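The block underneath contains the structure these notes are about, expressed in structure tokens.
Each chain carries a letter (A, B, C, D and E) given by its place in the written order, and its residues are counted from 1.
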């Protein structure tokens, strides 16, 4: 990779890339804008007036936000942890050995993300029915972790594939047993991939509606809360306030993850 | 532990991968303190041999002993053997110092002590002061030395090196060859060294094993294998050689056997030059001249076969000249039967 | 033992979980004046958890999933719930206010099966024709404005400007319209259609498809459609009309001459209700005249307790009449169509309705 | 002097490690079993349970599921109205996928080949942020954009482009009374929502095209356009295919977007969602789910062969 | 196009990357039909030079002409120049045949014709019948030859090769060297060749340019640069050399200048051997002996500095011997001033 310096960006490319990004972001700007509208139930354009009161309202007089927020955080956190464990195990197993059926199994592991969420949802739901498992936080987590595993698995498998096998042997050569090697060598090497996978898993879980609809009983996760707020608005700007809040709170972790994972790529690849 | 037992002993060791016999019934003793080189073409089993010693592979057949103790089933992390990997395999998430101290940390050596030891190991390879560098900031030669320090700090009884100089450019390689050699001499550790560069093997090793297709075809001192190759394969593989057919050898004062004749033993003389009694000769026409700096390589087509001679630079033969090739009969080395 | 009615109402379990139509159970969050939950919770210690459902199908689904104590089921859901054994008989002895219920509703067939009561009537009302008063200077007289392509009084076609309900039960609205428009079909009950009558209704709806930009599915979504999507006429509920009028939108409603379908909702109790005592407490509370009157005012519906019509500040004394108290007999309340029916030898069942309605929407 | 084959203290970890070292298959087995139980048994088992339901049927009279093997439900699946739903959904999914790929490519290409340093970080953020923003709130934002009294109309009026908008709305099939009541609207929202899922893998694939392939192509006489067509695009294709797994599958199964923005014509996701509620027609709902399952199975098989999984 | 103009002309060309002057004011003519080698340490600007010729880089200053026509602003795809990349850069999504036919396809040559041409180009590099192989199925040497065929099939006027043999092992490399050389001879195309292997440069090239830090420090025939280095840098970099200080040179019959003396020019003689008139000599003690097969490398510490001599194998000196070193005065090559 050299000589970027004399390669100027073709104009057409620049324009279509920027247009594409605008397409991605103008609706987001709208979400921001309508967190400040004076309307309460349904939105019109242009907004009749602007106010910051909804931030106060959301903070102090809408206690119904907190429970779903907490539940979503809880579900996403646990699903992500489960996904990290199971996804890493699967990635480690499938990248270290070749055995009959390995290809099939690797295909199986991407299935939950490749099949529409509604199928995952209904299938799990009917399984819960058959086995008389009552709905609970755990059924939601089970549903989410099922597709989160894939996200972590994908990230981890890609990193394992690039992990220089000699590092593991070098560690054993220097006296470290399997566990020590895992802790001191493998984990730091795949750490950034797990971080990236974990973040994406968390994001997907935190925002998942469809699978949740089928695997939740009475519990209201944040997206479910949002859905009912949007369909039957009480104070519609409050929904936007919550969305904006989530947006801002996640900005920094995403940026941090970006730099961390980049560093990982860098050092991961420099061993040659 | 017996002081008489070899550092490494292979007893009829075989290692197969599917249908490939990577190492095929190899028996070998490497003595303590030797600088032992494994030489052979790509895929001939050199790396597999090292991996068997390190414990990354287990023999399918046969036994390996290290200093008289069986290595059967002993995992790498329980062998007092260390490896310098071809690509160094430095841990990219650790500093130079942490890399070197890794083995000690695993052993449970305290922080202060292992930092001290890492420091002196780095000093030994002339990298004092590099402790806190990132490995990505090192040049190839520096990495190689870190890998060496990381292995040596554990005080191995056998050090395995798999083409450690392969990735370096010529000048750096020459310099590292000298450093390695003097380190080995001063530490007295057994070095087992894989290379595909014969010059390296010949100049550095006490003994060389030549591999071909998983088998050892010859073991001996560098001059053994260079000057007395026992097979066409060795003659051809180690340096360049003219291989004379039994007939040609017989009619030129040698034995009726496949015979090796090194190019540098052949002198180029005018067509009608006198031939000393102890020498053989052949007439031919110069077909190619290749300048190589210190020497010039001249190809001469004789009636029967093309011979290559190397002469000091500046010889004024030209393409198309008719010349006489003269060589001492003693320079013809007969090799094994069908070799 | 699940399914057996309670013999007496004991101590509350601390909560009650209810599936309800939007706007049916208010705790003052939308408008401080409309709150019939807070006091109940204080008195009984039963916390009320509400899950709203937009359609009868959604309600049935939620009840099938379980985890709820009560549901405010309309007639097209109630018998399905009874047949599906998802709801339990109600011991009316435990509901002192039972006798205050409008006699017309006490044994209504959508909650009474073989003389067993499967619920407590909650509210009822018509599916009105909502219209934009800027377009219609006078109230439209016939449902034809949503069924047949025509120019509206503003001179523009109704195409793309009218809505129909997104639910198979809307086939009954078409049948009701046809019962007047094409008397030769002999439609006597829009929920009991023989093959021929049914086919005519379907044909009407298929033709109507070309007029509809989008079917309305959810009451509050329809409010948006009237505001933002240029909808000028649609079958609707008084609830939407109230919301729109409160928002100063030029919307009014009428019951055209063909009459109207409607709903009469019953609070029913899940067979596996986990909080039966709180549920009974709520059932009794649901008949409270104050609640009934406030709700009628809020939703634009009619109380099942006639005494609620008097002296309610929000509803006012004319409220019940306005919302259709006198129209009870003109309203064809939602029911689940079944193959076995009274007026015809055999009728097209609901499952067929459901399938065909999907096909109509997809046309 | 320590022994050559050292006897270091083992401890429990060491002992297990020795066992693992001697039996590498055991390790693979131990690693693989838990995730395989989850995905291979629980998840796949659930899918089979669902599949099984599609071979039952619904009794029209009682509305109850008849637990007897029959293909009647599949017959129903291919009735005109249902076949229409399938066709409509697959067409939509295909168009959304193609459009996402077309819009995503320049973004991914720019990010992979031209953006450096902070611009690269900016691109990354720009793609990740929409992914982290609430799906529902975004969809509702679009409703406001597309509504008859919405933003696009507002701008069309301001810019005197109303004729253009009306012209678009007058298009047969895809048009409608308003953008939010039309296929165009549904399509736009789908493309918008799934776009990041297309950009990320495409960018990953593009980043793996070595710079010297492009130079080699130029060296052999190909101008940038030809290089793009013959080298860059084919090598980025696995990434696009990986992205299309998402866009295609997510469109196949979504029931929320077409319900909020659309013309009430059902898509598979909505059909499944309503069927399993409406009259509890689980068999037909299950039969409907078989369609995406089959499509995605074939799709995955092809994608795997193209190496798309490496950039998923 | 004039037949008199050089194949490639650099006129005061510079290329900077940030503060690094990768190519620094280079002027150079490469004649048509030459086999021209660029030699120099890592980072000295060789690759950048090739990239400037190919058009992947544009000079910051100066001009480049190719066969008399300016290359300023001409993109790579409009230059009649082709490149064999160091890592070959074969397109992985195409077969061997498609790779080779790529340039022709781009030119719009019909399918049948380009397949025909690809076939004969593959035959030329001895890969007939490999057309439909995937590139992943090829060995390193085979890939290199496909890359060569892919470049040659376009009939370039200049062929650029960036360390094309770097990844191959010795035997294969020697074989490819011969093939390349004979191809170049038979096609008459101008080859510009980057290598870090001096042996390769010396034996293959008509002329060699030695790079250091972006500058050309010497251009000449192989024997020019080997035997008459104009600077210490060249003397040291090309082959191994003894560099004598001006004082040492002056007291040993040379000029008072930094002087290069090749090890193979030095003879080892007994302490009191006669020194011919045309020769210089120095006495010293043998400090190291390194066996290298064809020759043995002997390090002798003289009073002033350590000299290295290479002698034919079999010389019976030993470490510690006192010897006399004798060399022809003509072998001392004085180099530029401060070099």
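We take it that contacts are C-beta pairs under 8 Å (C-beta built on N, C-alpha and C of every residue); 3 or more make two chains touch, one makes a residue touch a chain.
Given the structure is predicted, the values throughout are model-derived calculations rather than measurements.
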item	value
Best-connected chain pair, where connection means C-beta pairs in contact	A-D
Farthest-lying chain, centroid of Cα atoms versus that of chain E	C
Centre-of-Cα separation between chain D and chain B, whole angstrom	55
For chain A paired with chain C, centre-to-centre distance based on mean C-alpha positions, whole Å	40
Where chain C and chain E are represented by their mean Cα positions, the distance between them in whole Å	91
Distance between chain centroids, defined by C-alpha means - chain A, chain E (Å)	54
Contacts with 2+ other chains: residues of chain E	56
In chain C, residues with contacts to at least two other chains	224, 227-228
Sequence positions of chain A contacting 2 or more other chains	2-3, 44, 175, 177, 180
In the complex, chain E residues that touch chain D	54-56, 75-77, 81-83, 85, 87, 89, 91-93, 102-103, 105-107, 150-151, 154
Touching residues on chain D, where the partner in the complex is chain B	1-8, 17-18, 21-22
Residues of chain C touching chain D in the complex	57-58, 60-61, 64, 80, 83-84, 159-161, 166, 168, 212-215, 217, 224, 227-230, 339, 349-352, 354-356, 358-359, 361-363
Residues on chain A engaged by chain D in the complex (per definition of touch)	1-4, 7, 9-10, 13-14, 16-17, 20-21, 23-25, 27-28, 30-31, 34, 43-46, 85-87, 89-90, 92-94, 96-97, 99, 103, 105-120, 122-124, 126-127, 130, 142, 145-146, 149, 153-154, 158, 161, 175, 177-180, 200, 203, 207, 209-210, 222-223, 226-227, 230, 239-240, 242-243, 246-247, 250-251, 254-255, 258-259
Chain D to chain A touching residues, read off their complex	8, 13-14, 16-18, 20-21, 24-25, 27-28, 31-32, 34-36, 38-40, 42-47, 49-50, 53, 103-104, 106-107, 109-111, 114, 116, 121, 123-138, 140-142, 144-145, 149-151, 154, 192, 195-196, 210-211, 224, 245-246, 249-250, 252-256, 269, 272-273, 276, 282, 285-286, 289, 292-293, 296, 299-301, 304, 309-310, 312
